[in-house]
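Each of the two complexes below includes chain A, the first together with chain B, the second together with chain C.
Now for the complex of A and B:
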């Protein structure tokens, strides 16, 4: 049935978007960069690479040198640990924070937005009130407050980022549901006896799924950058919880005057391509799904 | 219009109640017993009981919440755990310092980004536009901390063009310390703001009224500055008003790196000391400021844009 319908219509939103994405060299390249980072982070998480990042392999704060193998290329930190291995572990932490905070914020955003937009009335009023309330507290102070309430560390940071960042997505989803709920296909589903839940998730949701995907990609940009700032403020990754770019950059605040620049340089060089790739890929997704908005 | 303003102002009340209640929950319940946190690990049951009474925690929750609302209305948040100073005084002092740091920087970065935004929007699709946007996206992919660290290290420490950090209270003396933070602010703000203004101008440039103006034979300068700019001013103006509360809160990172005693630096210190009443008070103050400026921005929007429906 569905197959026939798509055949009659010619191209679906998804195949059109995919074609546009594949035509866009920058989008393909960004996606490959993201895949490469995911592979590296995955290998690091399964202890297949950068496994000995906590071991001292030489004199404290040795400068980068090309001899002595890849582990010495980026120099050593104050404990004689390989900055190269720490940077790789940092990639794992960055993607972990992005993934976990997305997995918290996106379901909340989708559910809240869908319920508010679909039901309207007092449900809409209530949900709008909740998210307006959250968005009226300056974000950094809300993050601090949540971190105080739940204790510090990587898990709290992910929860705090997740709990504060669903509002934007909820607004977009709500607006889309308001548009879609009165369309004929929803009325047809109702006539066929589809329940509210079925109309929301089975019928309308696939039509707004692209917004969720764009939001998912964007979350990573925000999460990776937030990890660095929050860790510097003492609310993110705690020492001993693993290696992170935020920790490396925060360490540099004290080390730079001693001329120790390699920790900062490695973290920055590692962070730049992945944040850029996620930003460009988010823009490309937006353009691919809605060419009218192309700016 | 008057009825709209009243209605919109009344709508701020549930929002204010919601935000204060959320913070109340976070600090008094989710975060565990505040008396235990304040008393520390080695306190006797007696000390804890005394602290609990002093903080009013032996009262039922609605009295505690009522106390919070009273604090907000009276603008009295007690004393800091770390310094024992009155928080209200700390906030009043820091707010002025922060504002004198952030406001000139904000005016500078906004006017610069606006001009750049118009420029690249007009040049849409050319290599200038693509190049500038690419640079902006790239610049935003580097952590804010890296800009501050590099700026402080090279421009102040290595080249000695600016003081490394510090502050003097005199209005004129402080400017020499503010120069480098301003420069870094400009660097940080231009990329995202230019992109924001570019989008706003692009939205306007392809409207029907621009085509009409063109077909009437108006020259592009008149169209741009008389027609497009006026319409674009509406979202720009409201965006500027909403930014104001953040100027009072200051810049956490710049103030902490450059040793400037504004509210931003205060927040960073309070985080380090786990000075909960200070963070709590600043969050409440920041939120109230944001709600109020949001209200002003909405009213302004209705005043300048006749298309807004006052329902």
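Now for the complex of A and C:
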């Protein structure tokens, strides 16, 4: 019994990675930026901030002005709504799409990659065939067809993004599983009587989990950008479903010639830090988990 | 000795490495001389600083984190440490050459071997393409590569391990260096190849009148090569002397331990002495226990030692596919019609060179690889046809300990989780608490403190990890364990400890082993019966004593004659066959 209460604690790869992340100032800063966006989006989703984004608060298309409160700092849109509040709501939409589409694509990618890599043979052939097929259809075309099949809207877009974006992760996971399944520790587990499921999920999976985490972070950036692009193309968020950076940019397409620049500027300025922060953070994660860099 | 007879003189060399945990003193005031035309053996185990010494001589210490903080390296009277990088480049490969341990990774796979040798010659000697090629052919001849005209245009993967090491040697002696540094050049090679390569190096040394610095962890290898031996331990030189003196009258307890812990071929000690018998953690000398020699052949009784495992006509073929449609063109016969029996409480040694099929045989017996044909009869029942579930249940009785303790533990699992997992699978112990208590007990039995259950594998040394692997194998109370090269990756002093542990466990728990190894001395020490394998077939099978004293087959004789005796020839001629410092 006295051993169980032992104070000797190991430092796992995770705590090592965390220590390395904390040593990296850029990573910490990027993470804080992400947290700030998440907090803002969270508050917006609970209607605690930017609640009046649908209300007209002044003359149509007023230019940004410092007087008149924070809601006027980024000007007003064609209906006299605050661009500032719309941008905040847009952050919520972006993160929502990022999260939901990742939650769809990552389990598919991990499972497909794990099964293909671990079992090989016809299972591998089948799964490789599926994802090669998917990755060979131009993504926009696939998204358009899913959007038409399921009807437009934010949920469809999340599903469409989720269903098309697991391929890259599945490939990585498959390669890692092929590498790990021949390692001696897996043979050792087999010799101890561990079943296939146990070897896949309990033994190999924790050894590739860092790839999943990196993949998750990477997916987020792609999803946020895809949301904007798709919405701009009229395949994403519908007018009336909520505010989105994509919609704001789409609106700006007609307004720019009239010299109304603040809608576009607000959306892109809001997008830039979160995309950059996610990209930098993903890089830092990769470095932190890379065993080759371990000292 | 006159001053100009010394080719290289290392004086008070100190090297530090700065790590996150602080500064590590890799070398502490290391001083020794290498005379012209002589061979110095530099002996030590992993972490002793022997490789750092050679890298410092070549000016190859990575900086940062490494830093030479003190000392001189005088080569022909000039201090190499004061040389600039471009001056050092002219020394390296030209005046001082180096051969590394791994011939597989030291050659660039995308260039032909001829090109790689010629490149050195063109670089340092200014030869043109034609001259360089002629000289390369000459060199290939000298290092004993068969049909050099053909091999000169081969790529590294087309050559065997021994041939690759010969290529490395050709490259190293190409510029006729004054000093050749060999860093464990034969450790990765089979014994028969090792002997050939060592003989070749001795020949070349006399021919070119080179000095050699021969780095190894194995005192046995340098017994017949080195003129002087320098023993290193934890960054310091603990002893240097003439080779013969080192072997007869070692002064430092570490040297004594190192010499005594190799299993002797002539006598059969009950347990091996280890370095820790000669000195404690702080380095203070201890009086070792008297070595007890026993009869190598243990008696067998039908009641106590029934036949546990009976393998009949076992075959494992791997298909060789080729052509557009991947048709099976041929079979690679990894295990070809092998039959043997193992008795309860006894050890069967399985010995052979790399690629002989011994590892495949071990794994096929456990059905980690499915056999192509044959019977594996365990306690009277053939297990070849068993279903997956029945086989999983049976795994409780049959365990395996792998070669590489770094690879066979899951890096993401704590030691506690690793040891309790098999208990969980086989429903041993009522709950987690009971299992962890048993795990702690097992760790203690295997010589580790029980309070490390929450630690991860990377926090342990190689020997400690192998103890963890043994504890894990014991967690299911097996009757039978296959040790697949289980001590080959360990330092010699750790090897002795693990071998003793395996023997203790066999006595206590009445375990049955199949012990697979390429190291004949180790197999002889631990086994009752020995099976010699070559090309997937059994060459010879006899009890451990007979096979060493009266080998019947040519292959066995060749294998035996290639084992380094571990004692200089001059001493053997005087009739000294066993090094025993326990009296």
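Just so we're on the same page, the second predicted complex is superposed on the first by the 278 of 295 C-alpha atoms of A that agree within 3 Å, B and C clash if a C-alpha of one lies under 4 Å from a C-alpha of the other, contacts with A are read in each partner's own complex, and residues count from 1 in each chain.
By our rule, contacts are C-beta pairs under 8 Å (C-beta built on N, C-alpha and C of every residue); 3 or more make two chains touch, one makes a residue touch a chain.
All of these numbers come straight from a predicted model, not from anything done at the bench.
In the superposed pair of complexes, A:194 makes contact with chain C only, with no contact to chain B.
When the shared chain is aligned, chain C comes close enough to touch A:207, but chain B does not.
In the superposition on chain A, A:229 contacts chain B only, with no contact to chain C. In the superposed pair of complexes, A:121 makes contact with neither chain B nor chain C. Looking at the superposed arrangement, the partner reaching more residues of chain A, out of chain B and chain C, is B. In the superposed model, A:141 makes contact with chain B only, not with chain C. By the document's definition of touching, neither partner reaches A:240: not chain B, not chain C.
Chain A residues 295 lie at the interface with chain B in one structure and with chain C in the other.
Remark: chain A residues 1-4, 6, 8-13, 183-185, 187-195, 198, 202-203, 206-207, 209, 295 touch chain C in the complex.
Of all residues in chain C, only 19-20, 363, 366, 368, 392-393, 395-396, 398-400, 402-404, 407-415, 421-422, 425-426, 433, 436-437, 440, 450-456, 459, 469, 472, 476 touch chain A in the complex they form. Here chain A touches chain B in the complex through residues 129-130, 132-134, 136-138, 140-142, 144-146, 148-150, 225, 228-229, 232-235, 245, 249-250, 252-253, 256-257, 264, 268, 271-273, 275-276, 279-280, 283, 295, going by the rule given at the top.
On chain B, the positions that touch chain A within their shared complex are 14-15, 18-19, 22-23, 26-27, 30-31, 124, 137-138, 140-146, 149, 153, 157, 198-199, 202, 245-246, 249, 252-253, 257, 267-268, 271-272, 274, 276, 279-280, 282-283, 286-287, 290-291, 294.
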